[in-house]
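Given below, in the form of structure tokens, are the structures.
Both complexes shown next keep chain A, but they swap its partner, so chain B is in the first and chain C is in the second.
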Partner chain A sequence: MTKQQQRMPGSDPLRDGAVLDVRGLTVEFPARGRNVRAVDNVSFTVGRGEIIGLVGESASGKSTLGLALMRMIPAPGVVSAGTIAFGGRDLASLPEAEMRELRGKALSLIVQDALATMNPVTTIEEQITEVIRDHGGDRSRKSLRARATEMLREVRLPNAEQSLNRYPHQLSGGMQQRVAIAEGLILGPELIIADEPTTALDVTVQAQILALLRDICDTRGTSIIFVTHDLATVAEICDRVMVMYAGRIVESGTVSAVFSKPAHPYTKALLSGLLPLSGEPPAELEALPGQPPRPDAWPTGCRFHPRCPLWRALGEPEICTTTDPEVDESDSHWAACHFADLEGAGR
Partner chain B sequence: MTTPDETSADALVPLFSVRNVTKDFERKRRFGRKRGRRSRPALDAVSVDIYRGEAFGIVGESGSGKTTLGRLLIGFDTPTEGEVHFEGRVVAAMSRPERRSFRRRVQMVFQNPFASLNPFRTIRDTLSDGYARRRMSSAERSASMTELLARVGLNESMLERYPHEFSGGQRQRIVLARALTVEPSVLIADEPVSALDVSIQAQVLNLLNSLKNDLGLTVVMVTHDLRVVNFFCDRIAVLYMGHIVEVGSREAIMNDSWHPYTRMLISAAPNGDPETRSERPWVSSELGATEPPAEGCIFAPRCWLRQQLGNPERCTIEQPTARPILMEDGAAHLTACHFAEEVPQQAKAAVGA
Partner chain C sequence: MIRYAINRILIVIPLLLALSVLLFLYVHAVPGDPIAGMLGPNGSPELIAQLRAERGLDRPLYVQYWDWISGLAQGDLGISLISGQQITPVVINRIPATFQLTFVSLFFTVLIGLPAGFLAGKYRGSWIDKILSPAALLGLSMPVFWIGTLLILILAVQLRWLPTGGYIPFAQSPVDSLRLTLMPALALGIHLSPFLARMVRATTIELQQEQFVVQARMKGLRSRTITYRYLLRNAIVPVLVVLGLQLGTLLGGQVIVEQLFNWPGVGRLLVEGAIQRDYLMVQSLILVVATIYVIVNLGVELLHAWLDPRVRL
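This part shows the complex of A and B:
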């Protein structure tokens, strides 16, 4: 058991107002005779109407974490430890039949590549109404169609009515993404896991979709876990942010705290990699050496230490290579670093 | 910034001169009949000059024609109308030896380094191709290869490895090294860092910057990423639906643009500051992709400036051509808007409202 795990809130798993309470979640994939931990002992809560950003690079485990919450980890991967408290149940141990009922209805997933999630030979109308029918909703064609049209209008799809008769390939990427979002919203889920929902879109379309997601959270109280590699979109719509590195959350806090006072050296590096949109650019960028580690070769101790500028600046202290940083996850802003710069952060 | 060197007359002649270029990808005949009506050209009467030693950015959204323009520059496609000149010669009409020298001097780097390398060939094989036509002894070649690898931040021990053994950032370095084997003077980079992780992007951008400065390369960067062009480019051209709507210095385009589309595009990008979330009165009202109008300004249907000015008739009748704007610092700045002079003031009014 790692040190990170020692700090577990003993009393109430579903804290006040939280829609989702994840404790010690671990996802393992068997590889070459041993188990590789893609997500390692992750704990967090999501409040009602909150948009929480989950930021990380490739292989950080951010998408795997999203899939784990949906219980959609592809075999042979498994959720090997931890609890996912949602709506009074533990999703981690829920029978698959019950989980099926929840997917789409209580919690839904929106992915980056909308086209890949659609059946190319069925119309948009069928794609959307299938979601309702699958969950035993209304079965009259007319009212299903009306509901689908209304939903498409809500996601501001131009020509909603006509679009229902079209096939996925006849829509532009931005329109496909809006259809995918409509599907994710139509049953009014409490929680949406949105994995890079706007990454493939043009900035003008992205701006509209982000505004739409924000609006849905504010008006309906829906919560969103917004998985992305892009800090600029996090700053745009998220309330809180969790930074993931090598299968773990390394920093967590409100967006304004993390952006104004990043405490973990990795977060600092990511933020300095967020190039300015206007004004004088820096002559040279501060680049982290090396590349993100793979799940089958997580470094010992703090997993960031081989790339850490602070570790090098401090003369490579041994503790970073041997011991996991301890964190107090009940703090509103915390960072998993032995030398975290938490001055002024919400302690 | 690398401005054209005023002392040398040669430097004032553009390296690339794109003159009134239209590129039409006509729809192919299928089953013996022509499909649909003539489509909108990918590029429509585009003119732009690119100078020696500068980092030139071509930005636009999907479907703007930015990639097509890059492909025309390097000669992968030929214009339907108009001409692309490289050092005064028309690219499409070059003789064989001219073309061979052009191919050597202008190199291209693509977005996806995974697709750009042959998986069955070692890095040494891949790099060797570039040396094939250079008369070098094998000792000279191997010394040159070592130096090149060091320059892009790789080392000799990697030569015998295959592409799959490298990460995305390393592969993009290999692709850059391959482009440099023929000692080019121009690099055309289409979304060179878009597929890379944030921390790796910074490494590759630093590398491109040092290559540009150390080797005096002219770099044409085609991208949708406004943050990347603001970091890397000296001058920027903004494309919208096959038209160049604005060309100017990085400062002018990114900070105080003179075209309503450029203003909209830049304000649509999240500004990255949670305290002052972007204000964009002109984006929110707009709905999806719009068919370009048959007449007048292509941007008119989405144009906030036109709305604010009370929908002047001119915008829907007359297509604006790129015209110079007199800048305070005397820099060349072109914009294709009838009411460009109104942009700064009206933009302020729109945000303030």
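This part shows the complex of A and C:
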């Protein structure tokens, strides 16, 4: 009764072995004399060349999880428990100096507002080449420039050569995002964490950037954790999806499994909002009744219970308010719900 | 960039013209005759009339204004009310001393204010900040004549490292000239730098929270790169703006400091003119100072545009 067991035959998430293996990751922030857990005991793996969608509302902890992987949780927050196995090392306990070397080289973070992430007073060329230089790469101006040009071509930036001499504000939003991706890719990282990288862009550009990211995964074997609140995007480019709610992953599985047979009531609620009769899916997670909980006041038991339609339909069983649903994270598709299998085939 | 510069200059010209009219009216149209004021109770009506005629003050105001302003356009500042001499050569004589003092003062201002503000901002809340921030507050509340007097007392009277004042042209003996510049310039530098330091501190604190600085760390850049290329380079821009704005304070402070250190600059000429009630001199000098102020600010603005590509558009 405690586990959801829906194995999807032939979809091993760890295709060529895991690039990233996260166990029991917990991020705490001190608040009013006690610690609140923005991310609470999260475990998952990312396979090589895989794109994993990390979906959730704004306070769900999805962005914090991304920052935790970069070890860039803003002080006074800390990674208080868990391991992050990556490239034979545990990022959770790596000394800061070594961590610095990995950032931008082995793992990169790309965020939403590309313009805000670029130094306004230096040219695109300087921004890209300083990443190479600061990671001990080569120092000849000519070959640095050549590498930067090549990288900009790979992210399909028009006029790559001329764009090098431009300043960030002189580029369009889509071009800025391409440059940001180029900066993240220049040293060939194994893992990219993309936090809403297309949200600020218009629809056509969004589609181009998504296609680009998919291509990069396929040709370079780079893995991507795609943090988003937009389920349509997940369906489009991700292999697997993890749904986050109140600091925890509540459902995880391949995109086809989760989208066709969502097991967790929260996922169902999300997906039903995605399928209105008219063509344009709103994809707003706010459609659920009630407010998403805040980290300093996570509900007891199953954290979704105050908003859970199934809980209410079942006559508000006590177990939901007292006991955390347990899951077996090694299953290819699981959901953290006591009654998941009651509903599992319900769609 | 050139279009931008020309645009700015075109805006400045009417501004200066308006200022000249105001100045002129202030000196000429206010009640009380300058000549009578100058001669005091001893001036007989005949003497006053004679002097007025000599200096051309009996002509209609618009003629006098036109005379003055067309002279200015050709670099002629008019004649002194007192001595009847040309003002221009006197001013030109004083300009090297003034420029030297201005330049060295700005140098000290930046030398003290920029690193202090930057360190206090970068290590906000640390002991550096805890020392520098109250020190800046103290500096802000000290009048410049007081700082100058203190410097004279310590450096000249007590330690006897420097002379109490005076001036030697740079061309004559660079080392002695700079030695004499040191104290007045330091006084002005100490006077001006707290404001600069506070601006730089605030900017640096803001910058550290900017997303592009956070992202620089995400990219694994070295902390030296972040300090110099991300923080310092972006903090320089407001430094320039502040210096431009502070030029007014500097020129005002200079009037006092030049007096205190017996420094023969334009500032002291202005004081001399004011004491002798040489209205024509004061009127021309203020316009010269205002013009310098406007030109320097224009230069700062252009430099700003050059340093911050976002302004250039």
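To be clear about the criterion, the second predicted complex is superposed on the first by the 311 of 347 C-alpha atoms of A that agree within 3 Å, B and C clash if a C-alpha of one lies under 4 Å from a C-alpha of the other, contacts with A are read in each partner's own complex, and residues count from 1 in each chain.
Simple rule for what comes next: a contact is a pair of C-beta atoms (placed from the backbone, for glycine too) under 8 Å apart; a residue touches a chain by one contact, two chains touch by 3 or more.
Remember, predicted model here, so these are calculated numbers, not experimental data.
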A:209 contacts which: chain B (first), chain C (second), both, neither?
neither
Would you sort A:174 into first (chain B), second (chain C), both or neither based on which partner it touches?
first
With the two complexes superposed on chain A, say which partner A:54 touches: chain B (first), chain C (second), both, or neither.
neither
Have a look at where A:108 lands relative to chain B and chain C in the superposition and call it first, second, both or neither.
second
Going by the touch definition up top, name the partner, chain B or chain C, that contacts more of chain A.
B
Chain C partner, complex, touching residues on chain A are 70, 72, 100-105, 108-109, 111, 113, 116-122, 126, 130-131, 134-135, 167, 169-170, 183-184
Chain A residues touching chain B in their complex are 57-58, 156-158, 172-175, 202-208, 210-211, 229-233, 235-236, 238, 255-256, 259-260, 269-270, 272-279, 281-282, 284-288, 291-292, 307
The answer for chain C against chain A in the complex is residues 210-212, 214-222, 225, 229-230, 233-234, 237, 307-310
What does chain B use to touch chain A in their complex?
61-62, 167-170, 197-203, 205-206, 209, 224, 226-228, 230-232, 254-255, 264-266, 268-275, 277-278, 280, 283-284, 286-289
